[in-house]
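As written, the chain order gives the labels A, B, C, D and E, with residue 1 at the start of each chain.
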Amino acid sequence: MSALGHVGAGAPAGTPAKLAKPRRRWLPYVLLLPGGLWLLLFFAVPAIQLFATSLYDPSGSLEEGYAMTWQFSNYADAAAEYLPHFMRSLGYAALTTVICLLLGYPLAYAIALKGGRWKNLLLVCVIAPFFTSFLIRTLAWKVILSDNGWVVSTLNALHVPLPDGRLLATTPAVIAGLVYNFLPFMVLPLYASLEKLDPRLLEAAGDLYARPVARFTRVALPLSMPGVVAGTLLTFIPAAGDYINAQLLGTNRQYMIGNVIQSKFLKVGDYPSAAALSFTLMAAILVLVFVYVRRAGTDEVL
Amino acid sequence: MTEQPYGASGADLNLVGVTKSFGAFTAVDDLSLTVPQGSFFALLGASGCGKTTTLRMIAGLEEPTTGRILLGDQDVTRLRPYKRPVNTVFQSYALFPHLSIADNVAFGLRRRGVKGIADQVERMLHLVDLDGFGKRKPSQLSGGQQQRVALARALINHPQVLLLDEPLGALDLKLRRQMQVELKRIQTEVGITFVHVTHDQEEAMTMADTVAVMNAGRIEQLGSPVEMYDFPGTAFVANFLGQSNLFAATVTGRSGDDVLVESHGARFSVPAARCRVTDGPGWLGVRPEKLHLATGLDKVPSGHQSVTGIITDSSYVGVSTQYLVRPAWGDELTVFSPNSGVAAPLAVAGEVTVHWRPEHAFLLPRPEGQTVAPVVDAEALA
Amino acid sequence: MTEQPYGASGADLNLVGVTKSFGAFTAVDDLSLTVPQGSFFALLGASGCGKTTTLRMIAGLEEPTTGRILLGDQDVTRLRPYKRPVNTVFQSYALFPHLSIADNVAFGLRRRGVKGIADQVERMLHLVDLDGFGKRKPSQLSGGQQQRVALARALINHPQVLLLDEPLGALDLKLRRQMQVELKRIQTEVGITFVHVTHDQEEAMTMADTVAVMNAGRIEQLGSPVEMYDFPGTAFVANFLGQSNLFAATVTGRSGDDVLVESHGARFSVPAARCRVTDGPGWLGVRPEKLHLATGLDKVPSGHQSVTGIITDSSYVGVSTQYLVRPAWGDELTVFSPNSGVAAPLAVAGEVTVHWRPEHAFLLPRPEGQTVAPVVDAEALA
Amino acid sequence: MGIGLLVLLYLFVPIGVVAAMSFRDAGRNAPYSLENYRFTWAHWADPFGAAGIGHAFWLSIAIAALATLGAVILGTLMSFALARHTFRGRAATNTLIFLPMATPEIVMGSSLLALFVAAGVQLGFWTIVIAHVMFCLSFVVVTVKARLAGLDPRLQEAAMDLYANETQTFLRVTLPLVMPGIVAAALLSFSLSFDDFIVTNFNSGSVVTFPMFVWGASQRGIPPQINVIGTAMFVISFLVVLIGQLPNMRRKA
Amino acid sequence: GTKPAKKTEAEKAACVATDVSATEKKLTFSNWPLYIDVDEKDETKRPTLDAFAAKTGIAVTYNEDVNDNNEFFGKVRNQLQACQSIDRDVMVLTDWMASRVVGLGWVQQFDNAKTPNFTKNVLATLRNRPWDKDMKFAAPWQSGLTGIAYNAKVTKEVRTIDELLTRADLKGKVAVLSEMRDTVGLILMSQGKDPGTVTEAEFDAALEKLKKAVDSGQIRKFTGNDYKEDLNKGDLAACIAWSGDVIQLSAENEDVKFVTPESGLMLWSDNILIPSTATHKGNVEQLIDYYYDPKVAAELAAYVNYICPVQGAQDEMQKLDPDLAGNQLIFPDAATLAKTKAFKALTEDEDKKFSAKFEAISGA
């Protein structure tokens, strides 16, 4: 299981191993062929086709058919109309990522450095809840956060201010759901990189007058940066595209861009605009990822 | 909060009855020790005997189960590591891979909020002969260079005590000797207390003022290297600090200042001053370089004691030739014969007489029934 | 497929003009070499000089850029590794962590479809003194034990040639000496060709019939260890194989069988038979153990040559005491004085005369203008 | 450490609710909550008692198994190529592998749907498998590649030195050593596939997978058997992984 | 670009699947939740369906996977358009969606000769509807009413749409239906307008009212049939809901109550349709005929509490449960029906425009 921890943490230091000499130059291509074709066919081609769809004339309909009119204005329209949803998606995803980091770091740290012989067991504890279907867990959250549940009544009794006196169908509930569902995507890569952290470096820092806080900020954190980067990406990206949490735990005032895309595709049937929204989302995420990875200075992250 | 007087004129390091147990296992057992200020102290012992644990307790990385650790008259037993005027050079260097060399060296000062660090770092890098390397990352340095950075990183804090945990363990022989000279020079220059842990008894002996040999969590013997080598306290020390030829012997009597012993049917004498036991069983010991070879009993100088045997192996190691000689009773003797160009090499399978001066022998305690000298087997202990 | 005659009576290993380049960098440069069947051959050289690359080409893990490798009269240059009657003991053992010790040892035989392996494995484990360890996993063994498994795993195949790439590099001094004895014993018992790479010149000298010193991809000198130590071919070898004191000198003339040289204003002589150059600049060299100390010029035996200086350091290393003596011109001399109990130790800062017999000196080539002897700095090469 | 344990507790809270609900005795139209709790074993005695649930569950297991198999095989081959060889187009391949991870599920699901419809492929079991292999693939490559990169190449050299040819070296040494990485990748794939709703929902046609069943149930009233299966999956996965780890733990102990 | 989805007659004909009913005694049925009778003692049993199976030997796979017309349409449209099987032989959709699917040519005709009960017993009001003049495409499953439901445990009675959309104590605890015709229809009526003749301006005014409620946070959700869970639990205090659902719920949870708003109720019906790619048309015909037997219809109505589309069922109900036979929500009389309105049949253009406006408020 410890290898599970390597998810997204990137290759450990060291150059790729080479055996004797590459006698068979064609070998890598043969190895790549099936998987590569799969990705090309079922990821790249659809993506390109989706892009084409995003440029159809939006006045068409399924019934009437669509005409390709290179309608770049679809993008402008989508962006203009759904800017709040975009901002909300990115905002929620960012907040989710930050909270996941704050929760996941201590957990990964504890498992990696204090876990000892319980390491694997603890890691299993992180993963096992995720074999219970994600929807079931989210429904369980609905029970826990229910307006008439004991959590809300306790908080109310303690006069903790809640939005409209409830938890369900509020922004905090959506964020909580997102955090819960994406936490393992943060913990696993973090664990992988913290596991490689030499505890002697922490001791050395202590020996060199670093108090616990400095030990963390000056040594542990910078050294686990690859894990932080991988974890934030693996959390942020799916969170930004999610719609289930907003739908089950929020109201339509919490709806994210995913809800819009989903409804356009599956309910309204406005394909060009749905495709344009999809592509805008993908582009926005890629740009953010690119900038982030650059700034974090870890190029070979994934 | 009261800051430690970093680099203040130090005081002796005292360990008083320190014990450290991990569960049921006692790694360090009621250890008491005084290391005078400014001295170079070496801790020697087989793998797993508790050396690292001792250092870690001094550094504050491990808390003693019982006992106290004092620096001068301050009790530091329960002080957090970052509050102790003690620094460590770790076995594996433990350089921060994400920081430049200069930042590594500056680390301790920065944590203490010292200003104007650049100058000090530069001077320190100069001291360890690494001028101009400040901008590199640790991975861009060779092993020996990294070792010196680890040293600089610790030294720059002017600790009262510097702990060195096998800092040379990973280096090859040549580089190791070079670094030993360097270390000794720096210690003499800066004059702080060094506590140096090593596996290599030659290293301990060349560098230290005082050597302590540890065995299974306790100190077996402690003293100046010359004295301990010359007249070890136990068979363990005799075998651990250099090589020894030990014969199972029994004291048979006394003749003036000499103790008389019998071993494998032959009779020998040892000056009483060089005997740790004066009756009952004992180990009669002589160092290999104190043994000389003669081609016949008649060539043995008068006053020397001797044993005759067959040469079973000879190996030329440049400086000296090492002979193995098997006497009638079996166990081989090791003889180092210096290649100073005086005598011609001897042939394997020939008969020789091994002889020594009685005052080069020593007599050590031997538990009744033990007939094989305690061998230092690092593996068995690891 | 024609199988190799595994374990067939071997033949000499021949490297003919072998060169290996990695891009623009030449790691091994036109190397020619013959290793007689059944001999113990040691390859010595600083880090990065091409030792591992040479072994890898013999094993077939790397293909030479040019040149040929022959086993007897079979050209194996382009044979895949698994078709060569050659096995390797890797520097880091490279034991298969997922297989038990017995399965590790049996690996080679299984691949060749040999039957009735269990017996052979048991015998081999016995040979390396690991009876009863067959069921363990490599991670459950100590370093020294793992090393012996690596050896058993290779030996069981009865290769014609066994390559050993610093197999003892990771062990501590004591264990290392122990394993050296073991290796030598096994080689004598099984009688196959060993090619042994090491950093440690003392190891090379004690174990090998022939030693080759490599420098920057080429063989600097090759010969019996005793001869090479006694009369090295170059200043590099003189410094790499043990220590040497080298004075920059110039040949001034000849007197009978002696070559006369001048160094730092003093005049010395060297027997012509021990001179690699007979005119122009040279290095006058004497080994530290061939130097003797006298407390005054009058105490120097007749026929000896001498230099007077101040003792700047002395360190007791048990077997001998190492003195550093600084003559008038500055560069320190190293003198090893055996602690055979004959002479009393000398005090630091005292004046002494260092003397030697002319036939213990040697004269080596020195490029015009070079005044500092080539130092062996593993770091600089790493 | 303390915070870590609290977070772990947080991860377990909903599982506790699911487990509790799996033992709740309540009528079909009773509110889905822990109020008026009465205990019963009945649902555990008949976990597939609700109409359609058993079918959906086994369907999801089958899909996850196939998707895992496919993704692990394709992904392992790819990671070997990427970790062991330098070749033209390596960077492009890396990007192609990274992109699906960087693409929100909804975009992947919808574009794939458009492809299947345009190509006239009948939506259903196989389109789900295809989609799942596609999005699991990247995770497999990343996981196995990391393991491979940490693998000592000298072990393979040692094998060749000991008379193992390329195939034997791969089967006897490389594969067993990469196994933990592959197992981890498989576990990850399985859970990703088994749990997927978004992509599946787009490409399932009329097939109902377990998450889709749950989704439907959440809209009309949740049969208690869903909680039984949810709890059982948790316990089983926990035990499987734990048993797989036992030898490991003992060694470390 | 893409081709129009509307099929030509030739295409329609080409797309109709071969009927294998003769050899395969089974069918798959997609329906809304709470639309079938369930055995009180054994919740896995459905008495009328089981009786059908016993009588005809046809095994029915019954799925409750229709939650919302648009959602269901969205799920199957790609396949139906591509003339692919959706693995369903029966789907139940509301009038307006049924009309759309019929218009697209995605369903097959059934043979009236094989459904004598249907031809004979279907209510007069449900005959010869404009989009199915010959009664060959759609057989009403149930009709129903849309009104207000509330949970008395969490709130006091909610009497009007205005209360629902503005009452402060309901803030954040109100749901309306994502079914545009239901939600907007009720609002129109609360504004004194007739949903049957709605103009664009009236529609916009109604949406304005809705938008205010959304923006103020009064409305928590737009739901399909999934309001049921939250209302039952009390996370929703009140919502727009369908009559039969609420009555069924109240049988187990007496806090849940149905209210007829003073301004009136919406009336609609849901229809059995046979997708063009369905392969068990013959079996479906038997099913239709079976459920149009007044006795069966009464049995079903007694459980689901929706308006029964079958003439003669009221008499059968009299025997079964006289209380229910007089229930206005199941067998409404003329006076009750006068308080109900059906939503106008929108042109394709209107539909698109209205849906988009409604979706802009509800979907995001």
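Keep this in mind: a residue touches a chain if its C-beta (ideal position, glycine included) is under 8 Å from a C-beta of that chain, and two chains touch if they have at least 3 such contacts.
If you want to know which protein each chain is, UniProt gives these names: A, D = ABC transporter permease; B, C = Spermidine/putrescine import ATP-binding protein PotA.
Since the model is a prediction, treat every value here as computed from it, not as a measurement.
Q: Among the remaining chains, which ones contact both chain D (ABC transporter permease) and chain E?
A: A
Q: Quick check: more C-beta contact pairs at C-D or at A-E?
A: If we tally the C-beta pairs in contact for C-D and A-E, the bigger total goes to A-E.
Q: What whole-Å value do you get for the distance between chain A (ABC transporter permease) and chain B if each is reduced to the mean of its CA atoms?
A: That gives a centre separation of 56 Å.
Q: Between chain C and chain E, tell me the centre distance in angstrom, where each centre is the average of that chain's C-alpha atoms.
A: Distance between chain centres: 93 Å.
Q: Just curious, how far off is chain C from chain B if you go by their C-alpha centres, in Å?
A: Roughly 26 Å separates the two chain centres.
Q: Give me the residue numbers in chain E that touch at least two other chains, ranges are fine.
A: In chain E, residues 81, 233-234 touch at least two other chains, as defined above.
Q: Got the chain D (ABC transporter permease) residues that touch at least 2 other chains?
A: 32-33, 113, 152, 157, 160, 218, 222 - these are the residues of chain D (ABC transporter permease) that touch more than one other chain.
Q: For a test of understanding, state which residues of chain B touch chain A (ABC transporter permease) in their complex under the given definition.
A: 59-61, 80-83, 86-88, 90, 92, 94, 96-98, 107-108, 111-112, 153-154, 157
Q: For the complex, give me every residue of chain D (ABC transporter permease) touching chain A (ABC transporter permease).
A: Residues 1, 3-5, 7-8, 10-15, 17-18, 21, 32-35, 73-75, 77-78, 80-87, 93, 96-108, 110-115, 118, 130-131, 133-134, 137, 139, 141-143, 145-147, 149-153, 156-157, 160, 180-181, 183-184, 187-188, 191, 194-195, 197-198, 201-202, 210-211, 214-215, 218, 222, 226-227, 230-231, 233-234, 236-238, 241-242, 244-245, 248-249, 252-253 of chain D (ABC transporter permease) touch chain A (ABC transporter permease) in their complex.
Q: Per the contact definition, I'd like the list of chain A (ABC transporter permease) residues that touch chain B in the complex.
A: Spelled out, the residues of chain A (ABC transporter permease) in touch with chain B are 198, 200-201, 203-211, 214, 218-219, 222-223, 225.
Q: Tell me, which parts of chain E touch chain D (ABC transporter permease) in their complex?
A: Those in contact with chain D (ABC transporter permease) are residues 33-34, 38, 43-44, 62-65, 67, 76, 78-79, 81-82, 84-88, 224-226, 228-229, 232-234, 248-249, 251-253.
Q: Going by the contact rule at the top, pick out the chain C residues touching chain B in the complex.
A: My answer: residues 47, 142-145, 169, 172-175, 199-202, 205-206, 225-226, 229, 241-242, 287-290, 292, 315-320, 322, 336, 338-341, 357, 359-360, 376, 378-379, 382.
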